[in-house]
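The following pair of complexes shares a single chain, chain A, combined with chain B in the former and chain C in the latter.
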Partner chain A sequence: MQYAAVTGIGQTQYKARRGDVSIAGLVHEAAQNALDDAGLGWDAIEAVIIGKAPDMFEGVIMPEVYLADALGCSGKPMLRVHTAGSVGGSTALVAASHVQSGTFRRVLTVTFEKQSESNAMWALSNPQPFSPHLNAGAGGYFAPIMREYMRRSGAPWDTGIKVAVKDRLHGSRNPLNHLQMPEITMQEVEESPMLWDPIRFLESCPSSDGACAMVIADEGLAKEGPKAPVWIRGGAMRSEPTMYAGRDEVNPQAGRDCAADVYAQAGIDDPRKQLDCAEVYVPFSWYEPMWLENLGFAEEGEGWKLTMDGATSLDEGGDIPWNCSGGVLCSNPIGASGMIRFAEAARQVRGDAGAHQVVGARTALGHAYGGGAQFYAMWVVSVDK
Partner chain B sequence: MKDIAIVSFAQSDCRRDAGACNEVELIMPVIEQAMQAVGLNNSQDVDFTCSGSCDYQQGAAFAFVMGVDALGAVPPIKESHVEMDAAWALYESMLKISMGQAESALIYGFGKSSPGELPTVLSQQLDPYYLAPLWVDSVSLAALQARVLLDRGLLSEQDMAAVVARSRANAKANNPHAQLAGDVSVEELLAESPWVAPLRKHDCCPISDGASAMVICTIEKARAWGKPYAVIRGIDHRMESHNIGARDLTRSVSTELAAAQAGVDRGPVEVAELYAPFSHQEIILSQALGLDDSTEINPSGGVLAGNLMMASGLSRIGEVATRIMSGDVRRGVAHATSGPCLQHNLVAVLEAA
Partner chain C sequence: MSDLLRQQFVLGYTYTRSTGPVVGRFLTELRQRKIVGTRGDDGRVFVPPMEFDPVTASALDEFVEVSDRGEVVSWCWISEPRDSHPFDEPFAWALVLLDGADVPMVHAVAAPEAEMHTGMRVQARWSEEPRGYITDIACFEPEVTQGEG
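Here is the complex of A and B:
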C-alpha cells in the first residue's frame, strides 16, 4: 500500500440556510478552500470523489452529474459514494484508496448537504411498499436505543445534558459552526422541549447547510505542500444489517470490529492513552457515552463516567477530548458531517485547529456512522508516517 | 491499478415489471449464482462487497440499506456503495484490491424501475435550478442529440434502425435474459412512426427490473480457486460538462479519454459491449472507441434488449467476461455510462488469462 496524506482541508461556513449560494456554489466553496489550503490550482487534481447522504435531501438525483462543472471534473474521473450517514467518512476512505492503490497521485474529495433545500425528516419517512410506515426520522429511531443504554448502564439521567453543554462550549471556539452557544447551561438544556424521550431539543443536532473538502496526495507530493502532511495511518469500514436476531443495537458489533481494525492498522491498543483526541459522530447527546464504550475508550457500562468526569472536555482539561470542533451537535450538514470529523481530526494533528486546538496533538481518530447505527467508517491520522 | 480477475458473473432476466418482488428478492438469486460458481457461500467468503443503486428508482432514501439483507452480513462485513451504476462499484473494489486491503470482492447492482416513470424520474438529475424545473426527460435529451447527428449528416435513420435490428437478432440468438428479441428488418422498423422525434420507440432501451452480480479477485487467488477467469487489463472513467450546450454531442470525448487510458488500442478488440441506451449512441461510442467491422458489437443485444438501470454497466463488463471465460474470445472491451447524453463514461479492457 502506498502512503497517503491529507495536504489540504477546506470547509464552508455552516448555517441553517446558505441562501447566498447554490448547491454548486456550496461544494465549490469547500473545494476552493481545500485547494487554497494545499497551495494548489484545479489542474493539480487528478480525480474527484464526492459523497453525500440520500439524494432526496436536496431532490437532485446522482448530483455528481450536475456538480461536474463546479468541481472542475470535465475530462477527469469522478466517483460518487453513498453509505448513509457514514458517507462523509466512507468518501474520504474511498478517496484515499485512489492514492493508496498507486492509481492516482493527488485527488480531491468533497462532501456536502444543503438541508435547507428539502426536509430530511420527510425524506427519511416516505412510505414504502411491503413495509410498515415508520414516520420517525432519525431521532425517533434512535431514542429507544439510547433509553436502553440508560437502563443497562445505570448512567445518571443528566449525562446527555452534560454532553450537549460540553460540545456547545467546544463549538463556541469554532467560528464555522452553525450553533454558537457560548453561554449554554445545564439548566437551559434540561428545560428545552422533549423531542424524542430521552432526547431534548438541545440534545439533538441541528439541520445545516455546508460542505467539507480535502486534498489527499501520495508521499512525494505530500511533502511539497505548504503545510505539514497529515498521514493516514489506518482506515476501516464495516456494515451489518439493520435488524437480525441477537443484534446489539446499543453496542453494535460492526462499530467494535471497525474500531479494532483501524486501531490494528495504526498500532493502537489503548485508544484512550494513545490517541490525543477524537472527532466522533455524536448527533444525539447520549451517543457520546455509547460510542466511548463501542470504540474502546471505556469498559462496557462505564462510558458515562468519562463524560461526567470531564475526561472528554477541553474546558475541563480532560485527558481525551472528544469533538473539540463542537461536533455534529453544533453543525450537521449530514452528508458532510462524517468528513468534517475526519478533517477536524486532521486539523488537530496538523496543529491548526485554532481556538479548539488540543495542545500537542499528534494522533487523532475520525469516526462516522450511519443507517440504523449499522454502517461505520473510521480513520486514524498522525503527524508520524 | 493491478490486473484483476473476474471469476464469475450472473444476471437476472430483464423484466418490464418484477411485480411484488422487492429489491432483496431481485438481488439474492444473482448473488447466490455468482458466488456458487466459484464455490463461495455468501459475503463472508470475500474480503469486500460493493454495490450500485439509485434511491429514486425505489422512491426511498437509503434504498441500498435493505440490500445488505441479501448478503449474509453477520458478522459484519467490509462493505461500500456508490450511487452510480455498479460498474463504478467494480472500480471502487479494484482500488480496494490494488491497495492490498482485499484479495476478493463481490459486486452487485440492482434496479427496480417499474414503480415510477424512469425517463421523468431521470429529469431530476439535471441542474436543479435551470433544467430540472423544466422536467426535460432523458428520452427528449437523447432525441436532441440524435437530431444533431442527423442534421449534420453523420448518420441516417437507416443506420439507427440497423443498430436496433442487430440488437434484436443478437438478443434472440445469444441472450436468454433479454426483454426484447426477435427478427425485425430495417424496413419494418422505419415503417414505425416517431415517438420522440427523431427517435422511434425501438431506438430507446426498454425499462427493466433486475440485478446482476460479479466476483473478482487477485490473479493469484483466481489461480488458487482453479476456475476460468478473465483479466481486467485496463479500466478508466471520465466525466464531461453537465452543460449540454457546451458539449459536442456528436462525439463522446470522455469515452475517447477513458479508452486511451484503459489501453483499448493495445490489441485487437474481438468483442465490445457498449452501454448505449439509444441506438444512435452505439454509433457515437463505437467511433469514440475506434472500433471497426472487425469487432462484434453488443453480441448480447446490449441495453436495447433490456436495461437494468444501475446494473447494466456491470452487466456489459460481465457479458464480455463471460465470453472470455468460455474461451469464445481472447480480448474485448466493455463500456458503462451515466448522466444525460453520455455525460460520464467508463471503459474496461478485458483479456484472457
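Here is the complex of A and C:
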C-alpha cells in the first residue's frame, strides 16, 4: 500500500444560511481553498471524491452530476459516497484509498450540506404506508439512547451541560464556526428549552450551511507541497443495522470494531495516552461520554468522569482535548461535518489550527458517525509517516 | 388466502433554493427584459450563464449582455402538447443561438410547423410582467425585421 497524506485543507465559513452562494458556489469555495492551501491548480487533480448526506435533504437527486463543473471534473473520474451523517469521514477514507491503492497520485475530496435549502429535520422520517408517522428527527431518535446511557453509567445529570459549554468555549476560538458563544455558562445551557429529554436546545447541534475539502496525495507528491504533509496512519469504516436482536445502541459494536481496526493500523493501544487530541462527531452533548467509552478512551461506564474532570477540555488543560474546533455542536453542515472532524484532526497535526491548536500535537483521531449510530468512519493522522 | 394489501402514499417536502451570483443575476436581468451570459476562460459566451468554466473550473464573473434575437440550430416539433407544456397549440422545442452567444439555449418556438427550419431567425416574445423566471421569455417567434412592419 502506498503512503497517503493530506496536503491541502479548505473550509467555508459555517453559517445558518449562505444565501450568497448556490450549492455549486459553496462546494467550489471549499475546494478552491483546499487547492490554494496545497499550492495547486485544478489541473493537478486526477479525480474527485464527493460526499453529502442523503439527497432527500436538499431534494437535489444526484447533485454530484450538477456539481461536476464547479469541481473541475470535466474529463476526470468522479465518485459519490453515501453513508448518511458519517459521509464526511467515509468520503475522506474513500479518497485516501484511491491514493493508497496507487489508482491515483493526487485526489480532491469534498463534502457539503446546505441546510438552509434543505429539509433535514424530517426528510429521514419518511411516512410509511400502514404505519403511523414516527416524525422523530435525529434528536428524538437518540434521546432514549442517551437516557439509557445515564441509567447505566450513573453519570451526573449535568454531564451533557458540561460538554455543551466546553465545546462552545472551544468553538469561540475558531472563527469559521456558525455558533460563536464565548460567554456561554452552565446555567444558560440548563435554562434553555428541553427539546428531547435529556437534550436541551443548547445541548444540540445547529443547522448549518458549509463545505469542507481536502487534497490527498501520495508520498512523492505530498513532499512537494508548501506545507508539511499530514500522514494518514490508519483508516477504517464499519456499519451495523439500525435494529437487530441484542443490539447495544449505547455502545455499538460497529463503533468499537472500527476503533479497534484504526488503532491497530496506527499502532495505538492506549488512545488516551498515544493520541494528542481527537475530533469526534458529537451532535448531542451526551455523545461525548458515550463515545469516550466506545472509542476506548475510558472504561465502560466511566466516560463521563473524563468529561467532568476536564480531561477533554482545552481550557481546563485536559490531557486529551476533544473537539478543540468546537465540533458538531458549533457547526453542522451534515454531509461535511464528518470531513470537518477529519480535516481539523489534520490541522492539529500540521500545527496550523490557530487559536484552538493543541500545543505540540503530533497524532490525532478524526471520527464520524451516521444513520441511527450505525455507520462509522475514523482515521488517525500524524506528523510521522 | 388472505388479501395482500397495498397502499399508495405521497412523499413530499418543502425546500428553498439560493440561485447564487450568476444564475441569480441572469434571472434578475430577465425582469428588465435583458438576457446576460458569462464569458468563459476561452472567450466563449455561455447563455444561460455558467457559474464555473466547464474546462478550467474557475469561477466566471464577466457578464455579457446578448441579443434577444438569434437563430434556431436544432428543433423538434410537438404536435400534441400536454398540460405541462407552455402552449395548447402545437409548437417547437428548439436550441436557439442568441446573437452574441456561443452556445445555444433550449426554449419554445411558437411558429407554424411549415416555417420551422434550422437556421431560421427568431426573436423573444417577452411576458407582460417579467418576474425573474425563465418563462419571462414567453417563447421565441419568427423574427420581424425593420421594414417588414
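Operating definition for what follows: the second predicted complex is superposed on the first by the 381 of 385 C-alpha atoms of A that agree within 3 Å, B and C clash if a C-alpha of one lies under 4 Å from a C-alpha of the other, contacts with A are read in each partner's own complex, and residues count from 1 in each chain.
Everything below uses one rule, namely that a contact is a pair of C-beta atoms (placed from the backbone, for glycine too) under 8 Å apart; a residue touches a chain by one contact, two chains touch by 3 or more.
Fair warning: this is a prediction, and the values are worked out from it, not measured in the lab.
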item: Fit-or-clash call for chain B and chain C when the two complexes are aligned on chain A; value: fit
item: A:Gln374 touches, of chain B and chain C: first, second, both or neither?; value: first
item: Which superposed partner A:Ala123 touches (first chain B, second chain C, both, neither); value: both
item: First (chain B), second (chain C), both or neither touched by A:Ser239; value: first
item: Which superposed partner A:Ser97 touches (first chain B, second chain C, both, neither); value: first
item: First, second, both or neither for A:Val81, with chain B first and chain C second; value: first
item: Which superposed partner A:Gly317 touches (first chain B, second chain C, both, neither); value: neither
item: Angle at the Cα centre of chain A, taken between the Cα centres of chain B and chain C once the superposition is applied, in steps of 10 degrees; value: 50
item: Which of chain B and chain C A:Val21 touches, first, second, both or neither; value: second
item: First, second, both or neither for A:Trp42, with chain B first and chain C second; value: second
item: Least C-alpha distance (whole Å) that remains between chain C and chain B when both complexes are overlaid; value: 5
item: Overlap of the chain B and chain C footprints on chain A, listed as residue numbers; value: 22-23, 56, 58-59, 69, 74, 117, 123, 126, 128-130
item: Contact footprint of chain A on chain C as seen in their complex; value: 5, 7-9, 11, 13-24, 50-59
item: Chain A to chain C touching residues, read off their complex; value: 18-25, 28, 32, 42, 56, 58-59, 69-72, 74, 114, 116-119, 122-123, 126-130
item: List of chain B residues in touch with chain A within their complex; value: 1-2, 20, 22, 49, 54-56, 58-62, 64-66, 68-69, 71, 73-84, 88, 91-92, 94-96, 98-101, 115, 121-122, 124-129, 132, 236-243, 253-254, 257, 338-340, 343-344
item: Residue ranges of chain A in contact with chain B within the complex; value: 1-2, 22-23, 53-69, 73-84, 90, 94, 97-98, 100-103, 117, 123-124, 126, 128-130, 236-242, 244, 247, 252-254, 257-258, 371-372, 374-375
